[in-house]
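Have a look at this one.
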Amino acid sequence: MVFSEQYMQIRKNSEWICEPLQTEDYVVQPIVDVSPPKWHLGHTTWFFETFILKPFHEGYRVYNPEYNYVFNSYYETIGNRVIRTDRGNLSRPSVSDVYAYRAYVDLAMCEFLKEPLTEEVKDLLLLGFNHEQQHQELLLTDIKYILGNNPLFPAYLTDETKTVEFESDTSEMISFKEGIYEIGYSGTGFCFDNELGRHKVYLQDFSISPALISNGAYLAFIYDGGYKNFVHWHAEGWDWVKNNQITGPMYWYLIDGVWHTYTLGGLKVLDMKAPVTHISYYEAAAFASWSKMRLPTEFEWEAAAREFKWGKRWEWTESAYLPYPGFCKAPGAIGEYNGKFMVNQKVLRGASEATPLGHSRITYRNFFHPHLRWQFTGIRLAK
Amino acid sequence: MVFSEQYMQIRKNSEWICEPLQTEDYVVQPIVDVSPPKWHLGHTTWFFETFILKPFHEGYRVYNPEYNYVFNSYYETIGNRVIRTDRGNLSRPSVSDVYAYRAYVDLAMCEFLKEPLTEEVKDLLLLGFNHEQQHQELLLTDIKYILGNNPLFPAYLTDETKTVEFESDTSEMISFKEGIYEIGYSGTGFCFDNELGRHKVYLQDFSISPALISNGAYLAFIYDGGYKNFVHWHAEGWDWVKNNQITGPMYWYLIDGVWHTYTLGGLKVLDMKAPVTHISYYEAAAFASWSKMRLPTEFEWEAAAREFKWGKRWEWTESAYLPYPGFCKAPGAIGEYNGKFMVNQKVLRGASEATPLGHSRITYRNFFHPHLRWQFTGIRLAK
Amino acid sequence: MVFSEQYMQIRKNSEWICEPLQTEDYVVQPIVDVSPPKWHLGHTTWFFETFILKPFHEGYRVYNPEYNYVFNSYYETIGNRVIRTDRGNLSRPSVSDVYAYRAYVDLAMCEFLKEPLTEEVKDLLLLGFNHEQQHQELLLTDIKYILGNNPLFPAYLTDETKTVEFESDTSEMISFKEGIYEIGYSGTGFCFDNELGRHKVYLQDFSISPALISNGAYLAFIYDGGYKNFVHWHAEGWDWVKNNQITGPMYWYLIDGVWHTYTLGGLKVLDMKAPVTHISYYEAAAFASWSKMRLPTEFEWEAAAREFKWGKRWEWTESAYLPYPGFCKAPGAIGEYNGKFMVNQKVLRGASEATPLGHSRITYRNFFHPHLRWQFTGIRLAK
Amino acid sequence: MVFSEQYMQIRKNSEWICEPLQTEDYVVQPIVDVSPPKWHLGHTTWFFETFILKPFHEGYRVYNPEYNYVFNSYYETIGNRVIRTDRGNLSRPSVSDVYAYRAYVDLAMCEFLKEPLTEEVKDLLLLGFNHEQQHQELLLTDIKYILGNNPLFPAYLTDETKTVEFESDTSEMISFKEGIYEIGYSGTGFCFDNELGRHKVYLQDFSISPALISNGAYLAFIYDGGYKNFVHWHAEGWDWVKNNQITGPMYWYLIDGVWHTYTLGGLKVLDMKAPVTHISYYEAAAFASWSKMRLPTEFEWEAAAREFKWGKRWEWTESAYLPYPGFCKAPGAIGEYNGKFMVNQKVLRGASEATPLGHSRITYRNFFHPHLRWQFTGIRLAK
């Protein structure tokens, strides 16, 4: 597929995700981690404008110079920006302004992509594609949060067939022998800088489950007093449980004695066989402790991932998000993409039902703070 | 004018105020004191539905039982409600849902108002009218905040003629003799319960300015180091200045050496003759101290108000918001209207450019916490 | 009594109050409103040093220039100071350092007081005496807080006879006719600037109770669900109750079904006839509302005070702390004594069991924020 | 050395550390991370009483049952406790009470240690010894904080000879070959559970500095704008710098153009050759980035530590504090010692000038949150 086709396909997908929204849904930011959908649409556009059109497309005229202030996310190199907690306070640019901005930049990009591209531009283009895909994932999780925390519980999907189907998997743990394993990306396609530096890691004997933990299994943890017994929890996790009065996964509601959960299709009776989701690292680790097992490290996960199915839940690992040996940041704003977040976060491996097809891979490293739950997270056990 | 006409006129006015808005402007809540315009439109509707239609209109069917949770403001008697800081996190009900809700309730009200009304209902109706007018004032101040704190500074009014004209007034202070004055409402029309209990107050000799303080006079205070000298300030005011790095009224910007201010017509060069506005009680009191004068009490203001023009700025007084002698709360939810706020707030007298015509009167008592500035507040001096 | 005798008597009284303390008790600051006893002892000494010895005693050498930073309370005019929340973080100057500082200043003062004094110095001296007496009151309330919030509940007094005795008083309300009353200090002795400007106030008919509310009466309010029914409370009071999970006065404990209270003599069974104390303005106002009465205004209190006994509890009034007509701040640091606190506080009238003999008077105005309870506050009703 | 001698020697050392203190210094807690010295003395005593005397010494009578509430640190298994931020609010038990408690428990321990001990008790005893040594280290760092943040800057040591001497070390980086290294404790003496599970780790080629970074080298970073350039910092580190207005290491003061630092001997001119200390992980990592190097991992450090001198500064590593393969918590309260802190903290290796002789070893893992600086931390670079 030529670049311009790939570009348009990815760009259209972002808009397709927003199709079921009403204008008001594009605007709000109920918690700091969630961004308004119109911000995602504008920010991904700003990314192409700032890193490709402005430096490389001769004669390009910036759509609106003030948008840099509005749509810069965290790039200190690029200047000041709306503070993150204020994104939901901006009624303007309006949704139609943002779509017009997208159209303007898309037109310029399509023109630009007709000409021959340097390797540097090709690399930035691939980064832009992957960046937009990451925001597509965030779009879906943020939309779920926006609608799922509204007291009216509006559905995002009306077409039931789009919801994810899971097969139950109860097979036995898969065992791996101690020894040296190779970790990190080694292919020739695109990957993020945090996957680079393929290197040897020594692993001890371990075994890992081929299946994710189901809602039913997690409910057993709740009914066994899992949220009331400090012994399973990290000290910070226990403080988090008490300070926030956590008693179950996000989006779970006990209504007239029946467990329900908010899904993209609206409020539904909890499917006991589906994999549990929207749990924090603290909950994943506490569940593992209660199960007398543990979470895998990201290295064990990567070594084992060819032996099991993955891709519907981002899976918490025991590993902290740290640089691989030899990691170095790219110069300039692009260097702010990953490296500066390598403290106080946990690695998640796999992908989720919100991840665009083909975006993830076995070496992919996602990362979040341990208390966050609005992503489609999941639990796989090891020992 | 018959009740149904008056009802429809007031109701339409709320919608007319919102006419220049884009859908997105109806949704956001940049600070806790500001409510989303669609919330105001829904809440005033809920007020008629809850206090008139439900108890008195036989056979009335509530539009949507969940709206009680969404649109109750602070009535504990009426049950749980969305916490105030969450109003801007709700994308639903959508703007068109809210307008449909208004239409439904308006239809029922018009039908109801055709029948003979008891005195109790008439009183509630008048309260509902005045309540909606109070929210019209809030609508305009909240819209100004929403647009004026957007980095793009969009204008609300495009038609310049709608902006307020002020005449400069430099006449001398008006003097009043010490003695007994009557304070409080004594007419037969509508007033709020906090104005009732007309009673005698003994005032000392005082004089009061016929004019409000202008932007130019306030600028002299700034240039004389008013915000840098603690001696003019209450201790809590000084903390407020330092903690919030306050250096001038809200909406003032020094751009390339020229003072500008955001108005409903957009960003404009500061009009030195117009009365200063968007200042807190702390600033009003500090300015008065710097001027070697003071703010009037609410009793002085009421005793003197027939002698000067008022109505474009809510004027801070020195008085704390307290009950008049013999004040007692009405039973039930309506009793929560005023009395429970009678602590830690300051009385403002007059009206503002956002106040609907005929809504205020000489005995009217508005009240806000001393640090608030998003209202069209002003300064009148006394000594 | 000559000035030097009066000086030494007041100074010794502060030290006598601290006699039962252990060194450690002088150091801690469990909440921001409480100051460490050694800070009170140092601050009152600094007051004489700063406002009398330094400007008026020729050749006086400051004891330690760094103490200005440590012992200045809130005088912006006098320069920087330890922030209030840090007072309990300072182990030095030690308790014996502070006593040495007192001895040094006392010696210099006694020498200074032998010479003839100007009227200006006499006024400052009287202010210094009254200032030290105010801190004696604070010393006792702060010591009670420090010991009463220690899990070991140590007693301050071992000698039972020092505890306060109260007589029950159940006589009828005393009535007063509407008319003009004179308010404010008119004598020739010492008073604070906030009492000055004797002036006429018009009061409506009112009656006031000769007795304070007892613990037994307050318990009836608790058992009638007083802390669970919003209807009695100001909106801010209700928030305070819920956010702090308040269920009764400070220092009350239900132990094995018997109500106890911490007193200066240790933990005791609650005396049902003693006047309730350690309640906030919010609680006093809620109790009054539940009783279908109200709190008196400070003017009613002053007009009526010759007709009843007072002096063991500071009594909450309905009045906000505001300047009297004609109030003006003294120039310089002394002007910061009272005026800058005249916002957001409530007036208390009377005196408490912690007030030094002869310190208070009928025109005396104490003031605290409405949520504070560590003072020996009380409730008198009016209607 | 027999157990009872070793016991008394370690116990006396804690008291010897406190010898230069005044009573008031034992009481305060200026920040949550610092505990009052008397709390350390009481808590270490409570440890022996709770985990040895109560379960194993027949007939032992607890000194004071309420002390469990006061001196339990974080053991949920053992029941409720004073919340951590309240430790500095307790004037009682007094310092002499705490010493009496120590004497009582020491007497009982000495008696108990005369009898034959089971292996279980011997293990607990060793844990108690090491626990007390950890608190000796904290005692010294906490005392430094208490005195060093007092505006009078009192010295802890008057005897200059006790201060630490450092030799400058400017030799070249030491190189290590890639391959498998063994990590974790393998001896027969005491170690903590977090060091256990000796296992293989694969390291890439690396080199490490034999010397710590000096104050002079760190000053070059400051003068090169290190604290003003986000590019060197983690995103969370940059927020920390801005929110706390950090411009240099803790305890550094520029006085009349000369850099000073607070030491245990008081305020001194900064020694440019001494190793920099009291820096956070964020600062260590930013300095490393500015130096175009990095911090070593804890595995590199352990593999290399026999080749360089260490022991005066706790050295920040790049590694997050995570369990070793096969780590499992002991049952009961002792299991809360380490495992529950294994999230969001960084590993430090080595020891500090506050560490008791013989307490640390090459496999020792200390851990702190990345923003903390009150420990004697230091920087060693790798690449």
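As written, the chain order gives the labels A, B, C and D, with residue 1 at the start of each chain.
We take it that contacts are C-beta pairs under 8 Å (C-beta built on N, C-alpha and C of every residue); 3 or more make two chains touch, one makes a residue touch a chain.
The shown structure was predicted, so the numbers you read here are calculated from the model rather than taken from an experiment.
The rotation that brings the Cα trace of subunit C onto that of subunit D spans 180°, given to the nearest 5. If each chain is reduced to the centroid of its CA atoms, subunit A and subunit B end up 44 Å from each other. For the pair subunit B and subunit D, the distance between mean C-alpha positions equals 57 Å. Once the centre of each chain is set as its mean CA position, subunit A and subunit D turn out to be 37 Å apart. Touching two or more other chains at once is no residue of subunit B.
Pairs of chains meeting the touch criterion are A-B, A-D, B-C, C-D. Considering their complex, residues 22-30, 38, 66, 69-70, 82, 86, 88-95, 146-147, 149-152, 154 of subunit D touch subunit C.
Touching subunit A in their complex are the following residues of subunit D: 74, 76-77, 178, 180, 199-202, 204, 206, 230-231, 233-238, 281-282, 285, 294, 318-320, 322-323, 325-326, 335, 340-344, 346, 370.
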